[in-house]
């Protein structure tokens, strides 16, 4: 959908996933520190729910692209013409991300069957597919449109490489945080594209051929990058503080209980000693 | 051979190899699980047969390119002109894949001489060579022809990188499945090229300059990708189910035999006890 | 700042960092040899100081770009125009390198919280960001200007890849020395750009379209490369000699003390033996 | 030197190095099999000699480029013009390869000082430098000239990546054999360039714009590739056979000696037993 909503929808999906990951991965990191265990039952359930949500988002996206007012309504070829190729391409992206979600779910449902890393591989391929489709998406467009979409392709290829590296270096927190940042970056960049190409609140349109606009967008990309890193860093710290605090409270309670216990022991000791007197 | 058959032949070769791999690698994966052994005698024999079949396919391909009706018949330079460069280039591709087959065979025949990984390296080079030749193949062609061949080059480079990674990360099931998917993808894409550029059943020709055709082909590539993943996943599951079932049957028989044995022991115990009475 | 100083300032920063690294990494290498220990308290303090210096440099660079005579003075958009995009882009580079410095500092201040490798990742991203901004910086310029900046982009991408590899292969002295060389190379190349595009001492301007100038600059880049390697090699040897010498002196003193001790023992032995007589 | 000799000289250097490596690496591989030892004194001496020969070759190449009849004779800038940039660029290549040789020598002379992998890194940089200079070498040339040099750039980048991988995966025989093949390929391709661009024996010149010539050269590159692999494979087998045979002979002698010994023991036993009678 070549309008503001068509960019806000995937942007929101990526932002939600990215922010969620920026909480999940630090949590997993601090939990697993020291122990080289497999996932706990609880973590497994979380992963399956995440995969289900991702599949659900993709189904929504897919249907939105097909059933929007000027969409193809599942018609591919009509009257000697391909119908609404744009929408079909976007649907294909959602389809691929949906498959990635399904494979993720299978990986955590049947851990002893599906080989570890296949989930990351299919995720890598679905991001690569997105980059690939966008790459051939942007020809014959005005310079600013082309430029702003090209940067999206960069994010996609970066995310794809990162996810592929996770096939070989699984559970590397640094790679996971990088993937998280790229997901947030992609989400916020989708919103940026929407705001630039289809100004939503009746603001003036951007001159798509102005060299200065392109220069600003290039720099703006760096700022989005910084912002994504910042969000991930903040969430990482929040998770750490939350865990440290709850650990302290827990220990506090244990100490309290131990104190009660020892008081009780002392008292009974006193009593028994008084009895003995 | 710039016709339908010239694309259907390599397409079929790649499809056969790909589907075979999608059975072989899961089988190997489930067999080797847990044990870090070298290949068994049986597996070695299977690998040698595979290599032999691959060499055979390459010989057929090579001869077909040379001896087809308008082929070069092994003439390279005649009357101050290079003869049938296209066919020669295709022959060279088959030649390189044949060499890869020979090296594979040598690797499994003389395991203690040929260093592990050389087979993957030569396979990587033969795929790279294919991509390289196709890359310089597509200049000065109509846009759709160029585009559809470029996508083939992508598959080749992807396959080449994957196979090279296997030099360093041998027996990684995820990389092997990726290679398998890429082989199937390449096979099905060769067929797709044949259908698009040389419609076989008298259907209308594709307009090679229509932007919408190019957009559809781009998306179609993603679908082939999904289909290749799907085939690999299905075969993987089938192999798992087959192995799980045959294991159960085997155990069933063993239990049956044990039951027979224990029944017999019980009976003899009974008899002996009755004797004692 | 499109003038000599605007290139000399970052050039000097990179040179200083590079030369410092060419001392730091060999020192660390020879100290840690054999032992696989974590950083000592002293090394940690050095790292924190380095990070502080880097942040300080970035603040200076940032402010210089903003507050220079024809700078934007923190105005981004004025009178329907983007203000001084060039300076803003340079500021963005300094900003990103500053963030890298902050992350480095946090990594060494809170070693048990920040996961190892995040510092390298953010450094990688800040170098990548530099390369990215320069890449879109050089369009629509005369050939020599474009060429000489493109080579800077190469250094940036090379440095970025190297630093990313350090995420996965931390404390690899070869990668660290490579990064060091690239930092020095970048520093000296910034100076070279300044000298070529804005000859400072009233020398004649370079013809920016002359093919021979471009050929010389290409070769000159190789020479800078050689020079960078040379500086790193020299400093590496100096550090080794310094350490070897101070070790010898130390051992010499110990031997001296031991000699004094043994002399003393001999004397007392003599005395006691004479007493016994 | 833009003539036949100017390509035959580096071609021969690369061929010699390549063929030597195709003997050295298999020898090392079979010697080190099983044992994870450091280099023996003998191997170290061989490496130092190799480095010396490489430095010597580079000095010859450097001087040849400078002192050839129409060379620059060490003049860089004269009469407001750069002197003979081509020759200077070639000299720079030789210089870089010479530095790689020096670092190699230092690595094997001072094994406890120079960190392992620096030799490979500098070799990687010298090959990268060659590719880089050739890349900017080929603009504004006829298509065939450009194409045939571009392929050289590919070899250089391939060799550079391979050598860099050896920094991280040292003593990997597969990577070493790949590097060997690429060295031979580069050598033979230099000769090919010489034969195509400067036909030495008075044969007709190649039409540098003919599409068919370019197609043949592309394919010819694949054949050179095959040939390089073939040479490496043959030498690998020869080394294996030589080692196997000399081992057998050795063992034969030992068995012979043991037989003599046991015969002697038997005889003396006989004698002593006869004495005892």
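In this document, chain identifiers A, B, C and D correspond to the written order of the chains, with residue numbering beginning at 1 in each.
Here is the rule we go by: contacts are C-beta pairs under 8 Å (C-beta built on N, C-alpha and C of every residue); 3 or more make two chains touch, one makes a residue touch a chain.
Everything numeric here is computed off the predicted structure, so don't read it as measured data.
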C-alpha-based rotation, chain B on chain C, 0 to 180 degrees, nearest 5: 180
Distance-maximising chain from chain A - centres being C-alpha averages: D
Where chain B and chain C are represented by their mean Cα positions, the distance between them in whole Å: 48
Rounded Å distance between chain B and chain D, as computed from the means of their C-alpha atoms: 34
Touching two or more other chains - residues of chain B: none
All touching chain pairs, where touch follows the definition stated at the start: A-B, A-C, B-D, C-D
Chain C partner contacts - residues on chain D that touch it in the complex: 81-82, 85-86, 88-89, 92, 95-96, 99, 103, 113, 115-118, 121-122, 125, 129, 132-133, 136, 140, 167-168
Partner chain C, residues of chain A touching it in the complex: 29, 165, 169, 172-175, 177-178, 211-216, 218-219, 221-223, 225-226, 229, 233, 240
